[in-house]
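There are structures below to look over.
Look for chain A in each of the two complexes below; its partner is chain B in the first and chain C in the second.
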Partner chain A sequence: MTQQLENILPILQDEHQKQALQNAMNIGVPSMKNEEWKYTYFQKIWQQDFNPILSSATFDFNDIKTFIDNNATSSNRLVFVNGQFQHELSNLQNHPAINFWNAKNTASTNSNDFLLELNNALSTDGIFLEIGNNVVVDDLIEIFYLHSIAAPFINIKNKIKIGKNAVVKFAEQFINYDEQTAYYNTVTTLEVAESANIEWNKIQDGGNNFYITDNMHIEQATKSICAVNTFSFSGGITRNVLTYDVNGERSESHMNGLSLLLNNEHVDNRTLVNHNVANCESYELYKNILGGTSTGVFNGKIIVAQAAQKTNAFQSNRTILVSNDATINTKPQLEIFADDVKCSHGATSSQIEDSELFYLQARGIGKETARGLLVFAFGEEVVEKINHQPLKEKVEKRVAEILKIEL
Partner chain B sequence: MTEQDAIIDEVVNSEYKYGFVTNIEQESAPKGLNEDIIRFISAKKEEPEWMLEWRLKAYKEWQKMTEPAWANVHYPKVDFQDVVYYTAPKPKKNLNSLDEVDPELLKTFEKLGISLDEQKRLSGVAVDVVFDSVSVKTTFQETLKEKGIIFCSMSEAVRNHGDLVKKYIGTVVPQKDNFYAALNSAVFSDGSFCYIPKGVRCPMELSTYFRINAAGSGQFERTLLIADEGAYVSYLEGCTAPQRDENQLHAAVVELIALDNAEIKYSTVQNWYPGDKDGKGGIFNFVTKRGMCKGSNSKISWTQVETGSAVTWKYPSCILAGDNSIGEFYSVALTNHFQQADTGTKMIHIGKNTKSRIVSKGISAGKSQNSYRGLVKVHKKAENARNFSQCDSLLMGNLCGAHTFPYIEVSNNTSKVEHEATTSKIGEDMLFYFQQRGIDEETAVAMIVNGFCKEVMDHLPMEFAVEARKLLEISLEGSVG
Partner chain C sequence: MLSINNLHVSIENKEILKGLSLQVNAGEVHAIMGPNGTGKSTLGNVLAGKEGYEITDGSVLFDGIDLMELEAHERAQKGVFLAFQYPVEIPGVSNANFLKAAVNEQRKANGEEPMPPNEFLKMMREKMELVEMKKDFISRSVNQGFSGGEKKRNEIFQMAMLQPKLAILDETDSGLDIDALRIVANGVNKLRSKDNAFIVITHYQRLLDYIVPDFVHVMYNGKIVKSGDKNLALELEEKGYEEFEHATL
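Moving on to the complex of A and B:
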């Protein structure tokens, strides 16, 4: 795709975009020699023929509408089709306390990250949402990313600001409308003001020709709570980079993830929590259930700055390998510069205990069902973190479906 | 004390006479590194042709390599052309009595509980002839010989046991393994060689020259230890007493090979000069240590207590190739002032039913940075592999840092891998508990630290353990309050 980028460079109108693309090309495509990409072969995406989408394309409105209606779990929705925001399909624009507009691409960051720069250069659209102070949005806000053209390469950049004391729940749905191959490179920044309470769910289930590189950056102010739950059920390569900057005292950060992969998927979850101030807490729970020839990667980094005394940071990464061709690579990493802290991490990898299987079998449950139930229970701990009943049920159903058990 | 212990005690307290020092002429090579220097070193050591070629091959590989930068340590760049790669040991200035020795050094000796005679030897005071008992040492040597154990310096081994050296050297740490290993392979000055024949249980703890030979064997030592089928050996390296060394760069290589049913226990206490309180000076310790459990049912156990050196870069590892083999790693790394340590282990599970256990305790005080970096890799064929890792860090003072970088790579679903890490400081409540019982703060901290490290200390041979405990206390002096 490098050649395609070179072709695009002269067409780009905006100076920022041009600069960003130039930066990306200077940084170069990430290779496995790069510590950050040690376990993920990005070339597998890059060598395919994806078409960078720069302008709007036509699609069958009714088809898509029906598809969304069938898959939605809430009435609040924001819909992107082919990288363009769809006003007719979305319905949050008129909410009195929510400032809303699509963000044109104006940001020019100078990062060292290939994908961020690429997103800066090519992002077609995104949402800029400003949720006012003290706003409580009862229902989940669902964000759909869909496409109707073949093999698109879609860049979306979202920027969301949450006001003081606001309570909002989001769900990003990376699902596939036509099972065709696609590559999404999404960047989301989330600013959480004082005492706000945010929950962000990501459902990544676009089939095995679906590729995602997602980058989410969260800034938290005093006493805020922010939880991100990532569910990966299918996808050729999925890479989630999640960064928290904890800038306000007494705030809480939660990160949960469940990767349930039974074919040949590759999911790379990377989290980074920067504890910049004192008295904060962070909790991380990432679980992997890996079968087939799938690969799970987890890299959890917690940096506790010298000023961040009395930080409590806990991290847990647990894996069940259900097939002998699956692989888990994990690297829980702590970097601590303050002394009065409590930090821990744990990582395990194993299989279902024979004794547990026996317990169920002794009660007349067949071996395969018993195994399914135990694996389901293992994953359920993460699913339970979803605080929206319809979405939770939907995810549960999907987990059961993949594991071929009846609830 | 049993007779055996008495012998060991005598021997470790006596001068080494097997020819480390005496045979070498007082001559140094010019600064810098090139093929001629390597030829010079090889010639000086009267090495056979294959050894020279082996060194030259390593040198060629080294030239292609660049210094690794991934470790979490920062230090001024070493100019490798500004190093003297061959120096015959300088004659030590012999002092007449302990009164002439630096009183600071004596204080440390006293606290460590080192015997007066050993104190004299370590600080370069002429040792009493009576103390240097020849007969005891002969007994020691004969015991080993009777069992067929070869324990000698590396140069001697190259000359006298060439076939064994040739067969095993570089099989665990190849010449091009890493930058420092390649450098070491090209210029290694000396080291120890040890071969335990089939079915032999080495009757005594083998100590290296650090305790035996005060002159040391320089900065590029190479150790090769082979335990043949069914053999057992426990090997001690290092010394709790502070070593004042003039060489700033140390790049050692240690290779262990355990064949079927063999067991090797390798213990290290490292207390090299860590630099002064402002972080000036100090040794750079870049070591490659690796053990290969080649045979089935073999076992390699590393135990280390690291308190010295300004910069430490060290990962004693185990390759568990044989079925049912076991690898263990017990480590205490203490850093104070401006010290930096990046240390840990690698456990590579290849064989079936292999087990590994990692217990790492890091203590950082002052303005030091202490990192644990480890890898647990379970290959696809390693059925029922089992690993347990635990790395705990203790922070003392708010200017130091503790970091963990554990890599876990599992490709087998019958394996079980567990990893846990914690970081915390000494709780006020713990200190209060001690103080309430009339124990002052400094003693309380020392006791807590010793308790924190107990699991590792228990794996050290007796005589080391006692000294190592005291060493921890001394290293932490003044860092509390």
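Moving on to the complex of A and C:
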């Protein structure tokens, strides 16, 4: 795809975009020699013929509408098709306390990250919304990313500001409308003001020809609570980079993840929590259920700054391997510069306990169903983090379906 | 119903059962007593189909079928039930889901439709009363955070739900206080019928005051060395197992 970028460079109109693309090309495509990319072979995406989408494309409106209606778990929705926000399919624009600002983001950043720069250069659209102070959005806000054209490379940039005391839940649905191969490079920044309470769910289930590199950056102010739950059920390569900057005291950050991969998927979850101030808590629980020849990667970094006394930071990464050829690479990283903190991390990888299996069998439950139930239970701890009943049930159903058990 | 003939079982090349024979008919309660390490729990595990045991000789017929040829879940589906000495905790699986799966797999194996949800719930409530379980029990994870007594009561509750033909109670009395013991025994007694049978494995005569056996067997060094009626249990309580020690040495 490098050649394609070179072709695009001269036709980009916006100077910021041009600069960003130039930056990306100077930084170069991530290589496995880079520690950050040690276990994820980005070339597998890059060597394919994905087409960067720069302008809008037509699609069958009714078809997509029906698809969304069938897959939605909420009445609030924000829909992207082929990288473009679709007003007609979305319905939050008229909410009195939700403010959509400009439709295009051309701010320049100078990161040293290839994918961020690429997103700056090529993002076509995004959600730019501001939720007012004290706004409680009762139902989930669901974001759909869909495409109707073959092998698109879609860049979306979201920028969301949450007001003081606001309570909002989101779900990002990376699902596939027509089983087509696609590559999404999404970037979301979330600013969470004082005492706001946010839950953000990611459902990544677009099939194994679906590729995602997602970057989410969260800034939290005093007494705010922010949880991100990431569910990966399929995907050729999925890489989630999640960064928290905890800038206000007495705030809580929650990160949960469940990767349930039984074929040849690859999911790379990377988290970074910057505890910049005192008296905050972060909780991290990532679980993997890996079968077939699938690969899981987890890299969890916690940095506790010198000023961040009385920090409580907990991290756990647990994996069940259900086949001999599945792989997990896990690396916790703690950098602690304060002296009065509680931090813990743990990584386990195991197989199903024979004693548990026998107990279920001794009650007449066949081996396969028993395995399914035990693995389901292992994942359920993460699914239970979803605080929206219809979405939770939908995810549970999907997990049961993958594990071939009846609920 | 159950016919064990000259059963020899080894685990990691160490022989545990050394020619055990036992006949159990429908409607009977058999108590098996004996000191630690004589193979009582091995017998329960072997009958239930736990892996890791090698049958080197002998046979076990259950209603005329070779039980040893069946997998653990198939035995359970045919009506063999083991109440575990140490019930396993299953985090994340609620008692309701666990039993629903168990009841319905058993029905499926017998060619029946799954039990309608309301009927299942009604049955659960009924059987919970039998062992005096609290209401929140349904949604709690199987055995997780249960006290010793609750775990044992849960075993009896599961037995009540699955209505086995042959139930093997492996030291169900161990670790129970007198109230829990009464509840457990009461549950068992209510389930006794002319169509089912029980094998009660225990160290102590105490349980047999509540669950009165038709036969008492002494197990020693991998086989049954003496059989009698309930009075044998009283005798053992008084004299201990010393006479068998001399007999086998």
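Here are a few things to note about the model shown:
Heads up, the rule we're going with is that the second predicted complex is superposed on the first by the 404 of 407 C-alpha atoms of A that agree within 3 Å, B and C clash if a C-alpha of one lies under 4 Å from a C-alpha of the other, contacts with A are read in each partner's own complex, and residues count from 1 in each chain.
Methods note: a residue touches a chain if its C-beta (ideal position, glycine included) is under 8 Å from a C-beta of that chain, and two chains touch if they have at least 3 such contacts.
Quantities reported herein were computed from a predicted structural model and do not represent experimental measurements.
When the two structures are aligned on the shared chain, A:T58 is found in touch with neither chain B nor chain C. By the touch criterion defined above, A:L321 lies against chain B but remains apart from chain C after alignment on the C-alpha atoms of chain A. Judged by the touch definition given at the top, the superposed model places A:N112 against neither chain B nor chain C. Of the two partner chains placed by the overlay, only chain B lies in contact with A:A338; chain C stays clear of it.
With both structures placed on the common chain, the touch criterion links A:Q13 to neither chain B nor chain C. Of the two partner chains placed around the shared chain by superposition, chain C is the only one that A:R363 touches, whereas chain B remains out of contact. Contacts of chain A with chain B, set against its contacts with chain C after fitting on chain A, share not one residue.
The touching residues of chain B, counted against chain A in their complex, run 70, 378, 380, 393, 395-425.
Of all the residues in chain A, the ones that touch chain C in their complex are 353-356, 358-367, 369-370, 373-374, 376-378, 380-381, 406-407.
Across the interface of their complex, chain A is touched by residues 48-51, 71-73, 76-77, 81-82, 84, 87-88, 90-93, 97-99, 101-102, 105-106, 109, 141, 158, 162 of chain C.
On the side of chain A, the complex with chain B involves touching residues 35, 306, 309, 319, 321-351.
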